[in-house]
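Look at the two complexes coming up: chain A is in both, with chain B in one and chain C in the other.
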Partner chain A sequence: MSSSILSAATSGAASCSQRSLVTSRLLVQQTRGAAQKAPAVKVAQSIGGVKKGQKDKWERKISREYTHRQHDIPVFTRMSEDKLKLPKTDKSPAVLPEQFQPMSTSLNLPLFEPKAITRKNVGTAAGFDLTPTNPAKVFGLPKKMFLEFRILSTPCSVIRDVTVETKHKLEKAKDSSSKDSRIVLTGRAGCGKSFLLHQAVQYAKSEGWIVLYIPRAKTLINSTTTYTYDLRTQTYLQPQASYRIVEKLLTVNSDALSTLTLSAPFTLGADQDKSKVQVFKEGTKLSELAQACVKDKSFQSACGTLEVLMRELEGQTKFPVLMAIDDFQSLFHDTAYRDPFFRPIKSHHLSLPRLILEYASGKRNFAKGAFLSALTASDTQYAIPLELQDTLELGNRHPVSPYVQRSETLLQYASGLDANAGGLQNLKVPEKFSVEEAQALFEVWKDDLALTNSRHDESFMAKYVESDGNPRDFVWKGVLASYAPS
Partner chain B sequence: MVHVLGKKLPDNHLARFALTQFYGVGPKTAHRLCARFQIHDKCKVKDLTPFQITSLASFLSSPATAPPIPRYPLAPPKFVSPAPTVPLSELQAKFRESQEALVKEKAALAEKGTPAKEWNDPLKSLKIESELRNQIRENIAHQRMIGSYVGRRHAMHLPVRGQNTQTNAKTAKKLNRLDRF
Partner chain C sequence: MLRRQAVFSLRRCYGTTASLRQAAPSSQATRLDDLRAGILGRTQQPTANTEGVDDDVRKYKVPPSSPSFYTARPVFYDQVAQLERAIATANNALRRAQLLPLPAFARASLPPIHPVWQTKEEMTQHFQTKMTLARYRKVTKLLNELNDYHRIANTAGVNDLANKIYSIVSLFESSKKDAFLARGKRKPVVLDVYGRSYTVGKRKTSSARVWMIPVQQQESSSAPLPMTTILVNNIPLNEFFPLPADRERITRPLKVAGILGKYNVFSIVRGGGTTGQSGALAHGIAKGVVAHEPDLETLFRRTKLTRRDPRMVERKKTGLAKARKRYTWVKR
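For the complex of A and B:
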């Protein structure tokens, strides 16, 4: 009986591909046993009907629906023993090699904390703690760093002499305005600018700073979030991006924000729907304001809230504020957004890039804190523009004509709107690892079982020389890309 | 699922590509349409606001009669936004006055005999769906009426643009006709 229904179902579905899948599903569910106990399949919403024989493929595709992926630090999971065993041959059974025996090979690294960043510790690797409010977990990471941490069993980095130098700069910046500490990290592609910026963020967070970290600034300008023109600010607001920043700022700095209060009353939603206006009195905690913004899922109040939060953080002197931007050079390009006339929108006409450029140029400053940014030299879509190359004296890879037009507006933002106060400081990250630093990183990968042969000294020297000491090449093209069985 | 002018735009599709469902709208026109209504590149149809959907629908129903786009001012680097106490309605009123002043200036110039150069909006001359099909039918009918080579080829169901007919004229033989569409 059931088999005849099944056959009817299959023939029915096969012969008439135009028939709705819901009907065929009902026919199949009349069978007993596993089919009835199986979980309900998502109703496939095919456009124009499913072709003969494609139903299963279509339903499998639908079940792998996109879910919002979190930019969390990935958790390392070991492969199962079966996959690590050498395959069995006629002569020998499947054997688990010695290196993969279940001894503890976890990386026992010291914690990356402020007291560990000293000249004595230059050339040692230190791991990051994975608390839920860690800036890396909440704000995310630059893509290449994310990929590296995906392979490592614990996210870690090497303490270099630039790390110590940056720490000293931040110590000095703690008690002075951010106008005096606007730093851009520059250097060759792969020399460790993003890693250094990340270390600075971790240091600042441990020291109790308020941290705003944007690991991929190009996501603000590549037309992936909503934008609307605002007549008051005469710029294009970015509600969705502002919402995400307020949410992350609140998560990472909730303790600090709950001690700070509004210095003036603020009306949320004054320009939008009159019925949803919320008034916050003077003395309201900033964390309450941020929570109210986060609850409003329509993103309407995000831009105004972020603006007020930044103004309050500028004025307060209780906590130093670190604004850390990676991919900084992308803010000096035309964005992928278009205005109604189909002209590309300049970055300084979008609310968030404009905010960042204002802090970079010194037009707006934190009473206590620093502005730290890193360039990405390896991005071909958003290359380092001439304005930055000129201002930071980076030198040109190719001869540049003096007749090539530099945008005056961008030059202003690059050099600081008030020329007397001095412009952006250029902190050059060394192009090469020192031998001790390279050794520390090599040992991390060795302990994490990334090396395929046991001649460690030889392979270390070979990879160090081949990569010319460049940190990224040393890891990706040296340690991880070599296969030399012992 | 949104229905615009009788076309079904699936929720999970990017708005920029969903708009190409309309006959006469390709990737370039769709990009321009999205820019016009401030729809970002990665916006899905389900993320469109009701205002955006209605403006799209009203625009596409008659692109030629759409109102001109206002030229909103963009903040220079040293711009200071007005205090929050100034209501938005006041700012909008000021903007409308400035726009009316511009229109008067243009009219005055046109009277003098030196009309200001206007921006040629590509979307103003956009034709989609039935309008476009009518236009194509009229063009073919016109070619036939004047007795041109193009008209004759359409009438004979043969290739029009000098392609080979000894072999390979299958598409032309199938589709070319006077009452195409």
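For the complex of A and C:
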């Protein structure tokens, strides 16, 4: 690459050294299109005559002016090396320093694995593995987290004391029904609920759980996928979304699914034409069933397949199942879908949100596993509804009128979440980073060359104070948005 | 006068013969005096040399204590004469001490004086005469000269002379001297019982009342780094000011002083918008820092942190669309 640059540079230098009236005329003629066919420009006449010996200079000047007046796109000519202000030498080549080349730095972080999540390791950053079956790669990530990992050279997060707490909860949940382990992560906007959920998903995957992770539950209700009305279940099915979930479930949990088998025969594509119908006998591997569904790109069989898969996963006790839902509060709102009367469809009338709500409220349970969900406090379109606020005792920012209507059905789903009645547990994520945790995160960004200020101690303390320890503000409005010069 | 006549008549009755005889040789002189007095129209003074209460009154016309008795403003002229005598004495003393005449360089190196004399009204009471401008100027001129001598004596270390001069000069100093000299200067901020400072910061039309209290550090060795918490209207800083620029403006005084984990800040801000409120809060914090750490006063003044930003919204003018914006120029 460097040799080609050098050769191009020398050729450019050669052309420039020969700059004369001839070359300038050549440049003029290199312009495209209509300008070439345009009549020749009249040479300007000087008033009062040109001084002796200045004729050449005058003509060159005029030709340059005429060149500029042409509005066609000029041909690119590389600037000669002798015009560089800082000349290129072997010692200081005119390229970016090595450390600023892409993919040159790598954060040397310990791996995020179950044995690393200990109380001793609280306040250290750990990187996620980059295998193709990582739930983050397959299921996706919440948007802010995705943007952050895109900037960082390796996806990583800080181990906090809530991480250890969640790990203990999941360890307890491993051997019990998901009815006893239905957890909602709550807290202030930007306090790290989605990150904690993601950490839980990574932990569960490493521990061999079957993981179903929905990072953006609002995509299920914002009418971005197809929906059809099913007379049998009297709900609106979401074939495209179900297909995606089956596909992702298979990719992430293929090993586990290949060991599990169907407990009852199942006909794939029962509603379609007879030629595409597939019958799966009792004892077939779930992975085979899922693969058959994935092959059928028409999404028709996806809903049925997903239903069967969920039933099987509920019944089996070989692997604990983790259902992790981010943006959980959006499932309590009206969806963006419309019924034939153009009324917004309720979330519990759509198949996938209904499925999630049933597991959340305990109407359906995994024999072994947990239901873990996180709220998004910063979404203005899908704010945390009153039903959730009341049952989880989140406390209201603004006074609430008793005349505000609360939906009966949603209250039913939410009342199953009452922690005191053995329902949904509210796990409050701490609002602030502790100083050690903030230090660990700051060092991650520092090692990744994200800081402009060389006074690290001062900027760390200032950013911590300015963000009041809030994790999102500390990174996005603190470390990455600093106005302080170096 | 009546009393004198009564006494005189009583003396005549009760006067002893001895005293009368004693007075005999000088009786002629006294009769002459009496005659003269009578011609001049003065009242009869008892000229007999009797022991009694008004001995001097009967014998002599006691001259007044100072010649200014015959002027219309005795107290004034007395005081002026006293001041002039004091000036002369001080001058002599300083000359003897070789402090006068003072060379130019020495005079230039003397500390500046800020005398605050009593007002004309106050001096009127002091001198028991109406102080016109001319009299006031005369007095203050003398006082200034005396004060100058006091300054020289004080600087030279001649303390007894300096004290004596000061004892005269201090009689004429105004009671409002301290208040006058402290005019225009900032009132020093006092920490309260709990060690809190209360300061007010302003910017544009916003005002911020700021309380700063030192962070109580835990004694244990494994205690985490102490961090400043800033509450604005009882809301954490990051919730009240979402813009990073506003937040950085607020923490700038703490960064400049290098005391980011030392104090907690509670404030109530009112008025204006985000920039004004953040600027007012920064101003209040800067003043609070100076209150807790007076050594940083010069530094903060140099970095203009304690300066109240005087920029305000400029008024709209007639004939203009806004403060500076002109209407579109139309050729015709």
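Just so we're on the same page, the second predicted complex is superposed on the first by the 373 of 486 C-alpha atoms of A that agree within 3 Å, B and C clash if a C-alpha of one lies under 4 Å from a C-alpha of the other, contacts with A are read in each partner's own complex, and residues count from 1 in each chain.
Please note the rule applied: a contact is a pair of C-beta atoms (placed from the backbone, for glycine too) under 8 Å apart; a residue touches a chain by one contact, two chains touch by 3 or more.
A quick note: this is a predicted structure, and the numbers were derived from the prediction, not measured.
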First (chain B), second (chain C), both or neither touched by A:337: first
Which superposed partner A:267 touches (first chain B, second chain C, both, neither): first
Partner chain(s) touched by A:317 [first = chain B, second = chain C, both, neither]: neither
Partner chain(s) touched by A:378 [first = chain B, second = chain C, both, neither]: neither
Touching partner for A:478 - first (chain B), second (chain C), both, neither: second
First (chain B), second (chain C), both or neither touched by A:435: second
Contacts of A:232 with chain B and chain C, given as first, second, both or neither: first
Chain B versus chain C as contact partner of A:458, first or second or both or neither: second
Residues of chain A touched, compared between chain B and chain C (which is higher): B
Residues on chain C engaged by chain A in the complex (per definition of touch): 224-225, 227-230, 236-239, 242, 244-245, 247-248, 250-251, 254-255, 258, 260-261
Footprint of chain B on chain A - complex, ascending: 45, 47, 222-229, 231-236, 267, 270-271, 336-342, 346, 348-349, 354, 363, 409, 412-413, 417
In the complex with chain A, residue positions of chain B that touch it: 8, 10, 31-32, 34-38, 40-43, 47, 69, 72-79, 81-82, 84, 86, 88, 91-92, 95, 119
Chain A to chain C touching residues, read off their complex: 434-436, 458, 461-462, 464-470, 473, 477-478, 481-484
